[in-house]
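See the structures that follow.
What follows is a pair of complexes built around subunit A, which joins subunit B in one and subunit C in the other.
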Partner chain A sequence: MSKSFRQSQSFLHTWSGLLLGWVLFVIFVAGTMAFWREGLNRWMRPEVARIEQPYTVLAGAQRFLQSKALDAKGWSIAMPNERVAGAQVYWQPQPKPGKDEGRRGRRGRRDNQALIGADGLPTIARETRGGDFFYRFHFDLHYMPVIWARWLVGVAALAMLVAILSGIVTHKKIFKDFFTLRRAKGQRSWLDGHNATAVLTLPFHLMITYTGLVTLMAMLMPWAVVANYADPDALYDQLFPRFEAQERTGMPMPLTDIGGVVRDAERRLDGPVGSINVAEPGDAAATITVTRAASTMLSSRTPSLTYRGTDGALLWQSPAPGGASVTAGAMIGLHAGRFADYGLRWLYFLCGIGGTLMVASGLVLWTVKRREKLPDPERPHFGFRLVEWLNIAVVGGFPLGIAAMFWANRLLPLALKGRADWEILALFIAWGLALVAASGLRATRAWVVLLGATGALLATIPVYNLWATPRGLVATAMQGDFVLAGIDCALVVVGAGFLATAWRVASYRPAPKRARKRPTAAAQATTPGLQVMEPAE
Partner chain B sequence: MTTATGSSHANAWRRRGDMTLRIVAAVPLGYGVSSLWAMALARLLPGDRAEAAVAATLVAFALCAGAAMWAFAARSGWRAFWTLALAGILAGSLTWMSISASGRL
Partner chain C sequence: MNVLCLLSAITTFVLFGLATDQHHQKRLGTRLFARRKKILRCTAWLGVVVCFVLAFAAQGDVYGAIFWLGALSFGAAAAFLFLNLAPGGADKPRRAK
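And then the complex of A and B:
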């Protein structure tokens, strides 16, 4: 690669990385945590027991729905398994005559849901969004219209793709740099850290960014579809085929055993079932649609089967998707990692942490690199102050918010009205306090306070779990519930990491300025690799 | 003296103009060109229309990133601008000809 090409990409790398870096940071954090979405769903509902016998729970769900909503328009049951926090069931009431029911049913189904516990009976868990919050936050953010959030996330992902590709070009000695980690050397160490976290998990970063764009492709890049279709719905009907719902006959007929249908479907689909949808239960026209779980197949385009509700005869099966459709489905599947078993899931998680650290160190590097060149380091210009402030407020503040949310999940009264929203509010209140700290304190002190508080809050939750919940680390480890035990361990490790970083920042004493300037300049003259890293300003 | 400061001023403005052109070429133009190529590919790729549309969309993000990189790699901002515009016009014409020849579904 020519030197000028490398330099030309340096500007692009710096600015595409910086401008949306803070958005990318929160997306990376939330997405990394969402790999444990189901685990966190259980962890945040410690009163719900782990499901040992899925079919007992499924039968309980059917019994409950039959007594509660036999005349509903439809039911939806999340197939119980040992990963989920109880079987979530929803029902959609019959639309009132004369009222338009909307395209895909109404959203407000909060009153029409229940949780079936491990004993097959409806159970009450604390009201919380659990791990689902992080999953939605990853692309919908919060407190803003979903469509704006997704565009913001999509643009950030495109900027990320450009930053990664131009970053590869910019770092000339990419693999050599990777094996050099110079510790406690100021800017050089930040650069090495940024390189190491970036290169170590580079294939992951490229994969996760590109596949992330694919998850949003219908919104970000609708033009290829526009070129081929006057009515895009025709395409979606072809890509996501569905069994045509049958009209309600008005003739009551009992529903067959859903468990038997699911057993048959698991045989035919050659894998576990993920969700069950019943249309017009209790009627002669009832149908049961069973969809394969995404947990054992790479593609997110999961096949489904539709059975007659009265006798369980197979009516319809989804056609095999085409090559490009499977490719897109596999990309989305790779992104979400639902197929990953626990070993691979940990790898996903660690790579996500690597990506988070890459973004954070890149943001900090921007300030570290410019601080020495400031005409007056005591009074930096506005742009520098803004970046430094945002770095502290976001990189320091968002993790503090999450720690506060976890504590709110444990401490808020169980009977509190709107409890789930209060948990989320706790996140944003703590984040707001971090903003105040970032504005009011000197940079170093603000970092120490925020990192230290986050570390202390995270590391102590497992201790609280030990004596205040039935699912402390000892109990979960004894039961062989390694997901919950793993979450507690990860909290301690991550918390310790935050505390160690806070301690490092607190004890950092910059070398006297004059003594440091010269060797740096000399090093720049002798190592061409470093010069290349300078942004073309 | 006056000419020297005058020319350095002119240089600064030329650099700013060059950078502005590159940014325009990278962001709005880059997205536009990759969208037009997504349309052209959706028309031109062989096989089923739905499959072609999905495949073209999957490729489009790489084109988008490539366009942004080219906008900064090109010798000048102006060159980045007109090469990308030309690529867009080419894709647009292909799409237009294809749609007027065989229509949309």
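And then the complex of A and C:
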């Protein structure tokens, strides 16, 4: 391999990693947290008890919907299980004559939903987006149109894939340096840390980036769809086949027991059910569509069955998907990791942390490397100052925002109107303050303040949970609820990690510069690889 | 079985690490000669195979491959942290017997 090729790859690695690195960082952080989406949904609603009897809750959901929305157009029930925070139910009212039947806004859906608790009764829980916020944020971002966000995330993922592949080419001693960590060596240590976080979990980084692009493939590369389908709905119908909804007859008929239908579906589908949709409930034309849980299959495209609502007879089952559909579904499933049991989920989470550290260390390495070459380190050029400012504001600021959001979840009044939006606003206010701190303080001090504040906020939430909520660490551990206990423990560990990093930054004293001899032409000639650039150069 | 798989992955990568001059000398206090390096590497590769078998036995044929790669990454990270950050290790090299 020629030297110039490796150098060109090194250049590509540096700039593809840097230009969208800050977007990649927030995507990685939010995506890593989204592996515990359901756990965070429960953790952020501490008043909701863990579900022990799913069918009792399902029966309660049916009773509630029959009393509340018997004449609705449709119901949607998330199948309760021990992983979720109650059974979330939605209903869609009958469309008013002359009004558009199309998609309703988020507010409309918000007004037509309820949460059924572990006792089968509607429960009042704090309004929060919970872990769902991090899941949506990691590809839809926030405060911007979804389509723009997805394009931005898609381009960032492409840049990430380029950075990973060019990084592999650039890193010429990938296996020889596998276990190398030169500590307290400034730039070398940063380089080793960046390489270690990249190489040790390389299969995960490649998988998560490539499959992330697959989740957006129809948007990034629409030509196959455009060439083959004049009507985009036709593709949707082919990818996600469903039973054709029947018109409401106007003849009232009681709905069969949904629990019985679900039991039959679980037997036929050979796995637990994830969601239940009822069309035209309370009518002779009612149907119940049951879909298998994505948590029980690698593919995200799960099969479904439709039953007649009046007597529970099977009407339709989804056809076996084609090879391409299964491949796409498996890749999306691999990306989301919904199939993972708790052991595998921890591995996903730890690999996600590795990816986050890889992006963060790469961003910091850019400034560490160039700081030594600045003619006057007290007055760096604009580009250097901009990168350093963005590093502090994003790498230091976004985790602070998340910590602020968690505290807002605990401290905001339960009756506050738009409470869920206020929680998210708390994240962005804290992030904005971090941006101000990055602008007003010297770099070292700004890092210490932001990392220290994040660590303190994260590590103290479990202490607050101990006395202010019924789901403190001791209580959850005693109940064997290791998801909530694990989240509290993870907060303490991550918080301690931030505090330790802040302490290291505060106590760091750069070694005095030693005068370096200029290498002679002869020495240059005899030193192999002297001119070869290292990764992230 | 999951735990056994993770332990085999950690052991595997500790052996790979000890097959490097730097970590062998630091942890065992002896110089690494070619024969011992070969033995360590062969044993480590055997560990990769054992980890593969245990992963499929623990998670089945669909999830086994995913768990295997995850376990190897976990083992590599754990071995990396242990070899580089754990205190201890010999200062002066001794001759290998």
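Please note the rule applied: the second predicted complex is superposed on the first by the 505 of 537 C-alpha atoms of A that agree within 3 Å, B and C clash if a C-alpha of one lies under 4 Å from a C-alpha of the other, contacts with A are read in each partner's own complex, and residues count from 1 in each chain.
Here is the rule we use: a residue touches a chain if its C-beta (ideal position, glycine included) is under 8 Å from a C-beta of that chain, and two chains touch if they have at least 3 such contacts.
What you see is a predicted model; the values in this text were computed from it and never measured.
> Pick one for A:334: touches subunit B only (first), subunit C only (second), both, or neither.
Second partner only.
> Using the touch criterion from the header, give the chain among subunit B and subunit C with more contacted residues in subunit A.
B
> Please work out whether A:227 is in contact with subunit B alone, subunit C alone, both, or neither, and reply first, second, both or neither.
Touch status of A:227: first partner only.
> Can A:468 be said to touch subunit B (first), subunit C (second), both, or neither?
In the superposition, A:468 contacts neither subunit B nor subunit C.
> Per the contact definition in the header, classify A:500: touching subunit B only (first), subunit C only (second), both, or neither.
Neither partner.
> Quick one: is A:219 in contact with subunit B, with subunit C, with both, or with neither? Answer first, second, both or neither.
Neither partner.
> Check the residue A:351 against both partner chains and state whether it touches subunit B (first), subunit C (second), both, or neither.
The answer is second: A:351 touches subunit C but not subunit B.
> Just to be sure I read the superposition right, which of the two partners does A:323 touch: subunit B = first, subunit C = second, or both, or neither?
In the superposition, A:323 contacts subunit B only.
> In their shared complex, at which residues does subunit A touch subunit B?
Going through subunit A, the ones touching subunit B are 5, 8-9, 11-12, 16, 158, 161-162, 165-166, 169, 210, 213-214, 217, 220-221, 223-231, 234-235, 238-239, 322-325, 327-328, 331.
> Looking at the complex, which residues from subunit B come into contact with subunit A?
26, 34-36, 38-43, 48-58, 60-62, 64-65, 68-69, 72-73, 95, 99, 104-105
> Where on subunit A is subunit C touching in the complex?
Result: residues 176, 178-181, 183, 196, 200-204, 298, 334, 339-340, 343-344, 347-348, 350-351, 354 of subunit A touch subunit C.
> Within their complex, state which residues of subunit C touch subunit A.
Residues in contact with subunit A: 2, 16-17, 20, 22-23, 59, 62-63, 66-67, 69-74, 76-77, 79-80, 83-85.
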